[in-house]
């Protein structure tokens, strides 16, 4: 039988189209991964420089001009260090944990729309997907703490899972207002709806949700002042105390990717993603020629800078105080915000 | 949480040291062996049997109220004096600003004295150190263990018959010998050019 | 009302036993704390110390009073200057001498500088433990400045050994005073800088207020001293109670707290920083002129430039080997640092005058008294030296020799001290540092006892931490301000 008879020309077309789609997606993945990892590398550099200057010192200066090659030096160092596995550790789980953590963080990059038409997987439940993956990431933390067979790591793992789970609730609730206003869970749609709204960005009408989200985002990524799972002065390094070499680097990468993710999510849901508010464009019309991805990245950087700023400024909360903030303040406030949003929406509908 | 700056209320200096010594003598005439004075510092040497009640009296008596145990230590007189050990209490009253030193004689064959932890909680570690360094037993101490030296240490280093370099003398520390031995064992795995 | 039913006991629960230290980022050195935790709450806390025990008290009994001074640097290496002063004040009391007024003022200045530097390090690490990272670096900026000031007066930054028994090692220079004035002008604004970061910070307040509360009676009963005690409200400050050095000639106030918690102790130290600045300012104003070492030849070393030979300046003497007395043993030959002595065994040696450093090493080494010190011999030819040494011993020469021998004797053995005992305490930044000396009339202390505040404070740790959470252990270790070098001695 002839192959051409079996596969009709339309099928061939479909196949070719499918092939091209796959190729484009692969290309996008490569671009996102490369740029994402480069950003992780330079986020560490940026952090050390920013905090350094805030603390009247210079930060890395030795490797390359102004220490620009420092991230690569660090990466190479981590690669070639001895990989130590504690004798009493549960080896298989010990191996898997950082991979789960890292993978769960990385997968999220696939649903982030970096520009109007640049998203790897434009799925309808983007926001839910991110929450689901963040939930899986907790497993990585928790089992790494358990598998290390060290008390510090164990306590770090316990603290971290409790922290991430409780703050996920607050974060999810804080985003409900956004979902209600946009009427979609698709991240690109949320951005578009934002661009079309009167405010241009949801940070203004949803400011309560915005504040709750920012606090929860800091907690979710285990950063100061909520860095209890890895509180240096208490638990040495928390859940990755026993990790070294590349496995440690995986945790490190995962954490910074999670930071990128949170910054992106904040940009998407509250700061208008790649769009600029219409009133800004009205005043400076020439800004519309700047590609959208630039605005997106700039907003992410601004959020990063905020991360570093608070790290250099505030002390660390105690575990119980921190949980109290999550459960007694943030969650009720977020629920109140949902009620308020719904109420305003109904009133507006009635009035208009 | 209010912190104020004050000129430390300088109460008139309390009772003179000689008078305190007199008071102790009056109250416990049998117990006081000697009173010495050197560079304006008076020391009362007492017998150890009632040391606890004397110190309790010093702490509780409202006129004296020695509330601060500045220091507790011991002296090993070796063969210089009849009684080998002296446990020394340096006391101060933060209320009246007077001081006194009490020295209780503890013979070598019965190196025990009542613990003063019930009077001054801070004596806890002092007495542990004293036990560690001199081997004096403090009766009634809640947790008398070695403190600065390892639990399995032999001897009491601040005794005068304990040599400066320890009983081991010039011998290497066993841990060090172990390390050397181990490095020799592992020599065959070393990299050679 | 619904009654909660007691859940059936399926598992046996027990406390989690966590070993913190001696290698831990927040235990300030090598403190080891064993925690029994119920969840995050502390049920039992047992501190273990002694990892840094060097036997300073035993060493002190085997060294002269001069020689033991550098040991005190190694106790509280964070504020070595204060420890030196404490030792010197105690030994002076034992000797019965007093430092000259200028030395007293200088000691007060450096002592207070040391207090500032200690409190800065304390604040830095305490804040870092609680998570405020920037305060750490801000504090170290100023601490560096103070260490540079120390370097300016004595060449050392950390282990200074600058105060001496009977005074201080050398006078301070005008350059130092200028820099100090600049520092004093700048520093109060820097204190404000630290306070803006943490003083009213909500998180800082949450972490410190009501943590490690101890009442005044209990604090004194536990033997606490220094700011740790004053935070509870007892104005016990040895600088006021039994003034030493120049503290009775300056005006200052003692900050005391009311609540006795970590925050009050923090505030006390912050206010003490300001008081220290005030004290130094007054000292600089009142700084009298005069010598910096006590005039007590029996107890105190003579000034450096008069040390080697008292009647002659150094460059006017020559060393010469008497050929008749020399047995050719080679001792001096080996001992000479300049290798100026030549000769064979069993034959008289010779000194090459051009190489001789006049260090007197050969003079001390020679057992046969073959070495002679010749006054006015410098630059003379060899024959002339023989001639000079053959002359009957001049009075001058004899005097010089005796002075030298006496000096060596003095250095080697130290001064003789009358029989007796003293306990002298000084207010170091961490609390009451007491030295208890028992002298049996010889050159060395019969018993040297150091009452270190860190040791006592470490003992209070269990009392402070019980019932708190793990994170509060860190706050409490910070607030009692311990240095393990001093604790373990």
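We call the chains A, B and C, going by the order they appear; numbering starts again at 1 in every chain.
The working rule: a residue touches a chain if its C-beta (ideal position, glycine included) is under 8 Å from a C-beta of that chain, and two chains touch if they have at least 3 such contacts.
From a predicted model like this one, the values you see are computed outputs, not experimental measurements.
S.K.: With contacts counted as defined, which of the two, A-C or B-C, has more C-beta pairs across the interface?
M.R.: B-C
S.K.: Centre of all protein Cα atoms: which chain's centre is nearest to it?
M.R.: Smallest offset from the overall C-alpha mean is found for C.
S.K.: What whole-number Å value describes the gap between the mean CA coordinates of subunit A and subunit B?
M.R.: Chain centroid spacing, subunit A to subunit B, equals 60 Å.
S.K.: How many angstrom lie between the CA centroids of subunit A and subunit C, rounded to a whole number?
M.R.: 52
S.K.: Taking each chain's centre as the mean of its CA atoms, how far is subunit B from subunit C in angstrom?
M.R.: Their C-alpha centroids are separated by 22 Å.
S.K.: In the complex, go through subunit A and note every residue touching subunit C.
M.R.: 51, 54-57, 151-152, 155, 224-225, 227-228, 231-234, 236, 311-321
S.K.: Which of the residues in subunit C end up touching subunit B in this complex?
M.R.: 49-50, 53, 55, 57-59, 62, 93-94, 96, 209, 217-218, 220-225, 231, 234-237, 240-242, 253-259, 261, 263-264, 267-268, 271, 275, 420-423, 425, 432, 434, 436, 438, 440, 446-447, 449, 451, 455-456, 458-460, 463, 488-489
S.K.: Residue numbers of subunit B touching subunit C in their complex, please.
M.R.: 1-10, 38-39, 41, 43, 67-71, 73, 75-76, 80, 88, 90, 92, 94, 97, 101, 120-126, 129, 133, 147-150, 157-158, 162, 164
S.K.: For subunit C, which residues count as touching subunit A in their complex?
M.R.: It is residues 16-19, 24-26, 40, 127-134, 136-138, 141, 197-198, 201, 203-204, 206-207, 469-474 of subunit C that touch subunit A.
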